Structures are given as C-alpha cells and as structure tokens.
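Labels A, B, C and D are assigned to the chains in the order they are written; within every chain, residues are numbered from 1.
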Amino acid sequence: MTPPTTGLPAENTTDNNDHLVQSDDPEHPANLIPSLCAKFWTLGWVTGTGGGASIRDGDLVYLAPSGVQKELMKPSDIYVLSLAAQAQSLSRRQRVYLRSPPVYKPSQCTPLFLAAFTKRNAGCCIHTHSHWAVLVTLILEQQGSKEFRINNIEQIKGFGKGFQKSGNLGYHDTLVIPVIENTAHEEDLTEFLEEAMDKYPDTYAVLVRRHGVYVWGDNVHKAKTQCESLDYLFQLAVEMKQLGLPWITDIEPTIPTRKD
Amino acid sequence: MTPPTTGLPAENTTDNNDHLVQSDDPEHPANLIPSLCAKFWTLGWVTGTGGGASIRDGDLVYLAPSGVQKELMKPSDIYVLSLAAQAQSLSRRQRVYLRSPPVYKPSQCTPLFLAAFTKRNAGCCIHTHSHWAVLVTLILEQQGSKEFRINNIEQIKGFGKGFQKSGNLGYHDTLVIPVIENTAHEEDLTEFLEEAMDKYPDTYAVLVRRHGVYVWGDNVHKAKTQCESLDYLFQLAVEMKQLGLPWITDIEPTIPTRKD
Amino acid sequence: MTPPTTGLPAENTTDNNDHLVQSDDPEHPANLIPSLCAKFWTLGWVTGTGGGASIRDGDLVYLAPSGVQKELMKPSDIYVLSLAAQAQSLSRRQRVYLRSPPVYKPSQCTPLFLAAFTKRNAGCCIHTHSHWAVLVTLILEQQGSKEFRINNIEQIKGFGKGFQKSGNLGYHDTLVIPVIENTAHEEDLTEFLEEAMDKYPDTYAVLVRRHGVYVWGDNVHKAKTQCESLDYLFQLAVEMKQLGLPWITDIEPTIPTRKD
Amino acid sequence: MTPPTTGLPAENTTDNNDHLVQSDDPEHPANLIPSLCAKFWTLGWVTGTGGGASIRDGDLVYLAPSGVQKELMKPSDIYVLSLAAQAQSLSRRQRVYLRSPPVYKPSQCTPLFLAAFTKRNAGCCIHTHSHWAVLVTLILEQQGSKEFRINNIEQIKGFGKGFQKSGNLGYHDTLVIPVIENTAHEEDLTEFLEEAMDKYPDTYAVLVRRHGVYVWGDNVHKAKTQCESLDYLFQLAVEMKQLGLPWITDIEPTIPTRKD
C-alpha cells in the first residue's frame, strides 16, 4: 500500500496508489482541486473543460485530468506525480504518474504547472480562460504590446513583491504581467512560459494571448487570491478601456499629516 | 410494466410507462435533464421557460415539456419517445410518446432535437436563448451575414472537427456556425436547421437569428461543453465588437524551438 | 382559530391569524413569496430591500412587508388581507389586514399590487428595481418616449396576448410596455398605474421611470416567467442600444416550404 | 472565564476570551461577519481578501482579520476589542484586543471601522472593493470631482437622511457621497475619512479613489442595505455614463390628482 519511493509507476502491479487521492480532510489536495475548480466554474474561469488547477504538496503534484467538466470533478479523477522522479526523466515530454484515474488523459497544462513548481517553488498554479484575461491580451495586441501594466489601484496590493521576496506590492507600484503568444499545442507554451519567468523573475502570472492566464503562488491561498485579484484588475482594465480611462497614471501620493 | 417494444403508445391502457423516468441514478436522462436545465437557468440560457435540452439513450429520446420553468423541472415532467417508432410515423408533425407527463404539452423544440439525433446521431441537444447568441445574430444581420466566424482563440479547441471525424479543432482553425432566419413557429425551423446541417456537415451548432442557438454532441458531456464553449465565444465576440476588435485575424503561428 | 369571515381585523382579541402564514406546503403563498424573493435577490431585482412580490389566492392577498431584506424573508413576515373586505373600505388608502407580522410596516407597493389583482384578476404581481428596467426608462426618456417597443425577438413569445385573451404573442408581434413617471411617494403611483392599465388593456407590465417595473400574471408561474422574459428583453435592449442596433425592425417573415 | 471588564488584554494568562466568538445564534456578530462576507464575495465586493466588515455590539467591536479569504472565514478568525478600552489607549495606532485569532494579523481597515463606530455611533461598517465603486471614482477623477452626486432614482430612498435624523432620502433628493484620495497605507486613510465625516455630517458612506467604498449604518441591516443600494447606484451610474446619460437631472415632480 505504500507508494513507490522512486516515483516510478507501479508497473506490472495492480496498485494504482489510489490512497494518494483518498482523504477525509477537505484541505487535502485531491479534495481541494475539485472544490476550487467548482468555484472557478461559477466565475467563468474554466468554461467548457478549459483551464484548471494543480497543487504541490512537498514532492507530490496533484493534477486535474484533460477534458473533464471542472465543476463535476471528483478526487478520483486526479493524477499524482513525483517532482523528483519527473526530474530524472530522460524526456521533458514524458511523464510518469504515481497515480492515474482510470478513464482520463493527462492535461496538456501539466508541463506549465510543473514550470511554476520547479522554477518558482510554487505550491499551487491556476490556469483560467477568463474572458477578461483574453480581452486584455486582445487590447494589448492592438497596441503591439507584450506587457499588461497597471498602477495606482488598491487591488494591486494583492500581489507579492516577487519570488523569495517578502511583502506585497504597494498601491502606487506598477503591476507588470508579461504576455506570451499562444501556440497551436498547449504543451509548446512551456518554453515561452519559462522564458517569461526568466525575463520577469518577480511575476506571479503570465498572460497567454487569445487564451487566458497562468497564475501561481507559494500555496493554495496565495495562488487563489492572486488569481482573483488579477481577474479583478483585468475586468477593471477592460471597463476602463471602454470608458476611455488610462491604465497607467501619474498620481501624486497623498501624505497623512497626523502623527499619532 | 414492460414498455411496448414497438414504440407505439400504450393505447387503451392506463400504463403511461412512468418507470421510464424513474431512476435513482443521477446520470439517468430523466434526472439529468432537470439538473442540467437548473444549471442552464443560472447561466441565463433558459430564462422564462425558453430553451431546453433533450437526451437520447439508444432508441429512447427524453424531452422537457413546453412552458415549464426550467430550474424547477422534475423527472416526472419528462416526455419519452422512440426514434424507431417515430421514423415509422406517417407524418413528421405527429409524434407518438411512450411516456407523457400528466399536465404539460410537448415542446415545439422536439422536431429540432430529433433532427440532431437522426441526422447527426447526437446523444444530446441543447437549445439556449442566451442573449450573447442573440446579440451575435443581430450584429451579423447588420453585416448581411449568415455565418458566425471566429479564429485564433484557444476556446475554439472545445469543438470536435465534425460529424464522424475524430479530434478537435485547433487554435488557428476558423470555427464557422451557420445562422438560419427565425420562423413564426418554432417547429417550422426544422427544415432550415436540417438544410444548415446538410450545407455545414461538420457543424455542431446552428444559430437562429433573433432567437438563440441549437448545440449538440455525441453525448451529454460533449453537447454541454460545446454549448459552454460556444456561449463563451459569443460573449467574447460581442465584447470584441464593443472594443472594435475583429473576430477573424491573420496570426503568424508561434513555433516552439525546443525539441525535447 | 378560524379567520374572521368579514375580513375585518380581529380587534380586541389576541388572535393574529398566524395560521394563515403557517404551512408545510412549499407552494403555499406564505412560503412561496420568501423563496421567490430570495431567487429575485440573486438576479439583482430586489437589491437593498427594493422591489417585492405579492400573491393572491382567491380572496386572500399575501404581501411582503416594507424594508425587509428580500433574501432573508420568512413566512412569519408576511401580511395577509382580504380583497373583499378591502373593497368595502371607505378609504383607498386605509387597509385592514387579517394577519400582520409583529415588527414590520406594510409595503408602499401594496396598492399597486392590489390594482393588478382587482383590475386584472392577477394571481401574482412582481415589482423589481432591475437596473436593466431603469436603464430602458432612461434611454426612452432621452427619446421623449413613454412606451418601450420591441419586435422580432423570440423571447416576446413569453407574454400572453392580453387580459382574458388566450394564447401568447408571436415572434413578429410588437411588445409594448407603457412607462409611467415616478412619484415621490410610491403609493401615489397607483392612479398612474391604473391609468396605464386602462390605456393598455392587454399589457402585463408597466415600467416606472427611474424606478423599475411592475409585472403580473394570472398565476405565480405566469407572473414570474413574464417578469423573467421582460428582464431578458430589457437587458437585450440596453445591449442593442450600446451596439447601435434598433429595437424595432421590419423583418420579412420566413415561410416554411415543407408541408408534412 | 469572564472577560476582563477593563477591556485590557488578558496578559500573562492563557485566557483568550474565545467565548466571545462562540455562539449558536446565527445573528451573533462572530457568526454574522463570516456569513455576510461569504455573501459579499459572491457579489464581487471582497475579491482576493480585499474589503471586509465589522460589527459593533454595545462596547464590543468584532473585526475580520487581515488577508483572509472572505468566503471561507470562520467565527474563530474574528478579533474582538472594547471601544471604551481603545478610547483610553495612549496612541491611536495601538490597539488592544480582548480576543485575537491564533494565526492572523489585525486588518488595516480597523481604524476606519472604528471611526464609523465612534464618530457616527454606527452598529456595522462594510468596506468593499466593488469595481463599480472604483470605476465611479475614476470617472469622477477625470472630471476633477471629489463628490459622487445622483438624483431622481428610486433606489436613493434606500439611504437614511443622516446621522441622528429620522427618515430616508426622497426620490428627488440628491445623494452626495464624498470621495477621498487613496493613501499608500490603508490606516493613513483614517484622518481623511474622519475629515469627510466632519465635512459631510449626514453621509453614510465615503468613496476612496481607485480603491473602493466604506459604508456604515446604525445596525447590520441598515449598513448592508445601504451598501447594496449604493453599489446598485454605482453600477447604474457607470452604465449611464456608457450610454451618455447624465447623473443629475432636473425632473418636474409628478403630482397625484386623486385624493382618497
């Protein structure tokens, strides 16, 4: 009943390590991914099986399968793999799962989630097809831009300052989210996502043109609240555009006079 | 208690085949149609008794009645008919039901659902009055167009390539959905829907001008997720129109450089 | 324990006829008004205690109180009055209740609901502050118009042809909803609502400028589905306006060729 | 087990006064704050840990902690402080809590909530990041304005006339909500909020530029319904702006002719 410590699949056995996705704890990743995805469905982030979420607990990575209705997902639908075992794999494109669901295929988002875990030590990564995210990339495309930039909005404080930095962005700081071009196959996005991570070492998100956004955080709480804050800002940005209001402004800070 | 094997109605008997809509299985069509329609109501797809859904299980077709509040539907409200028996009927407009609810009338959508089942071997067909769908048909009307066309959006991958073809559309593919003109009586749409199916053999949906959309799929999962993806694209298209962004673009594919 | 048959209040007694609002049947008006209002709250129709609903069951009229949070209402909050007793009242502005909740005040909407019951024999009347309704009245105000008119939209079929007429409007019919000007006190709207009912004998709804809409029907089902259909059309109309699309068009009917 | 009557923290003891947040009554502030915040989350008011709510019950003030997901809050997450003890504090910026949750930090909103309690004797104060509120402040910024003004909309009646005044605003009254500039640190807003309260003695809300809104009321019911009414008006105002409709108009009152 113990999982293979090497992280290699339990070949030639009938043991599928189902215990890895069986828990009474609602905070267990195999329970949390379905409940998060059901919530994301109501927000329009994972419409029509698009988008998803992955959680890392130490060496173990929990992943939703491909093509599942996100509001109907069950813990038994979840894939589990070992980061350490994956790192030893000869090919980046081949993945070995500790536990697989009986009927599904692995998600094409898998290598993108893994990039957040390996390059950023993230504890959770969320991918949405939010139409606010897509509209922002379309507006930026018309401007020939590969960066979403917004400043002087309170909700910007919802983001951490960056990888291995403590504290959050401030109200007057400019939040910068890189945009990468979409590829025909989602797996092929991986190198461009990693490139963006290298170029923007402090970002917690990467927009994908005409596709959506990847957002991560040190843990589920941070990934989810950063993803919410970002979607809020994307929606605000689209509405500001419709009203002719600029995303970047030069605001004189308001200084408190009282010292008490 | 056994249903008539001929599919003809149990005339001169009091047997209404109620067992056909009685099941403890939430995946049984008589349970699934009410739960799907309740969900669709929250999405604004079946407002004010408009719209609906039908499921085919082998030869049996399960149908919501006319004029029912879609979020309050019960399994006992469901009609059941036999496709084989219907095919033997002398008139297309006369339908014989294996099972009828006690108080309702059959839906005018019935022949349109049957078209998806007989001409496309669909397992489920959904009809929505989504205002995004209606707005798209109005925008196209102003352009004198009878086709919704959009390309280079990730969500397009949510659609199958076409009838009896395997695989899904790609990111760069153009999704084409025909638009038919609305008729005074919904049943009269049938010939135009069938015509559109003939002219667009690979489409899984037909827009109805100033009315809504019919979407089908090989099974409930595919019909529902295609319907969600389409509604997402209709909403995006309306918002793109408001922002002055074109639905069809010429995007240079982004080619991955890494071979691993 | 029997209610006073005269419909006069049970003066000098401690009997408040609480049994009139106590029932295990979810379809009982005292249970239905709270559940409907909770649903309407999620639709944005009864924000901030605005709006409401009333049901008539024979001679008895069930009413929500003033100033209650609509999504939190309880059966014990409901007022009950007798139409017959009310008709004998010397003053239109004085109302005698068979049953009153212990802490609330009667709603200012009461005489408007009563107008629908007495002049139209309605079984249910709904009042919303839907911002789609308000926006439609504002757009019409700029055009100097006192009528909302829309045609050639499928959802128009959601309305009955008119008082004591059978059947519903058709797709090509023009739905006409009169607009009355708002008054400082909601009770004062009554005469203008009644005037509009006289001038538009077949309407099931009256818009109130900068305020919202009153919608009724022969029963709860019809009032609710007509209210939903109307809100759908108001939303569509605002979006059409934003896209520069006209509400009234001249559409050539599409005639079916097949006779089968 | 009795709380310190001085309101000072129970130093050198292990007693954290947890009983202050333990109750079976759903109307107890420690239960009400989580259920209200969960509702506000669905309205988009407290996205990504932004915003919050505080309730005062006599001398005791109940506060949500900083950085918590508002739809997941639990009674055990709540801070409690004594207004009287706080008033004796040497520094405005130092606060002593009767009861603190084990893992969180106090919210930066705390002094702003306290301002509503001490300067207005409010029973509840709500802070939202509603994007309608933010958009209104952005539109006003472009106009160089520090006041949101709207009149002749029915929902304006949802507001009280002012501090220690009885009755509500009327339909033709102009609702005026002051706008203060945002500061880098939320606590620093306090003096500007208090300044706005002094300058606008009858307001129940203060907008914060590019940030959101603070709304209070004599009790939870009033704070919540005023906050809902205000958000409704902000949304309407943004939509009116998009349609080119003015917020302030000169409307001739409609006078009833009937005297009965």
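Definition applied: a contact is a pair of C-beta atoms (placed from the backbone, for glycine too) under 8 Å apart; a residue touches a chain by one contact, two chains touch by 3 or more.
Remember, predicted model here, so these are calculated numbers, not experimental data.
J.: Express in whole angstrom the distance between the two chain centres, defined as the mean CA positions of chain B and chain D.
T.: Centre-to-centre distance between chain B and chain D: 46 Å.
J.: Measure off the straight-line distance from the CA centroid of chain C to the CA centroid of chain D, and report it in whole Å.
T.: Chain C and chain D have C-alpha centres separated by 32 Å.
J.: Could you check chain A for residues that touch two or more other chains and list them?
T.: 242, in rising order.
J.: Going by the touch rule set out above, what shape does the chain contact graph take here: line, ring, star, complete or other?
T.: Shape = ring; chains linked end to end, path closes on itself.
J.: Between which chains does touch occur?
T.: A-B, A-D, B-C, C-D
J.: Please output the residues of chain C touching chain D within their complex, sorted ascending.
T.: Of all residues in chain C, those touching chain D are 44, 47-50, 69, 91-93, 129, 131, 134-135, 138-139, 142, 181-184, 188, 190-192, 208, 210-212, 238, 241-242.
J.: Enumerate the contact residues on chain D facing chain C in the complex.
T.: Interface residues on chain D, with respect to chain C: 152-155, 158, 170-172, 221, 224-226, 228-229, 231-232, 235-236, 239-240, 242-243, 245, 251, 253-258, 260.
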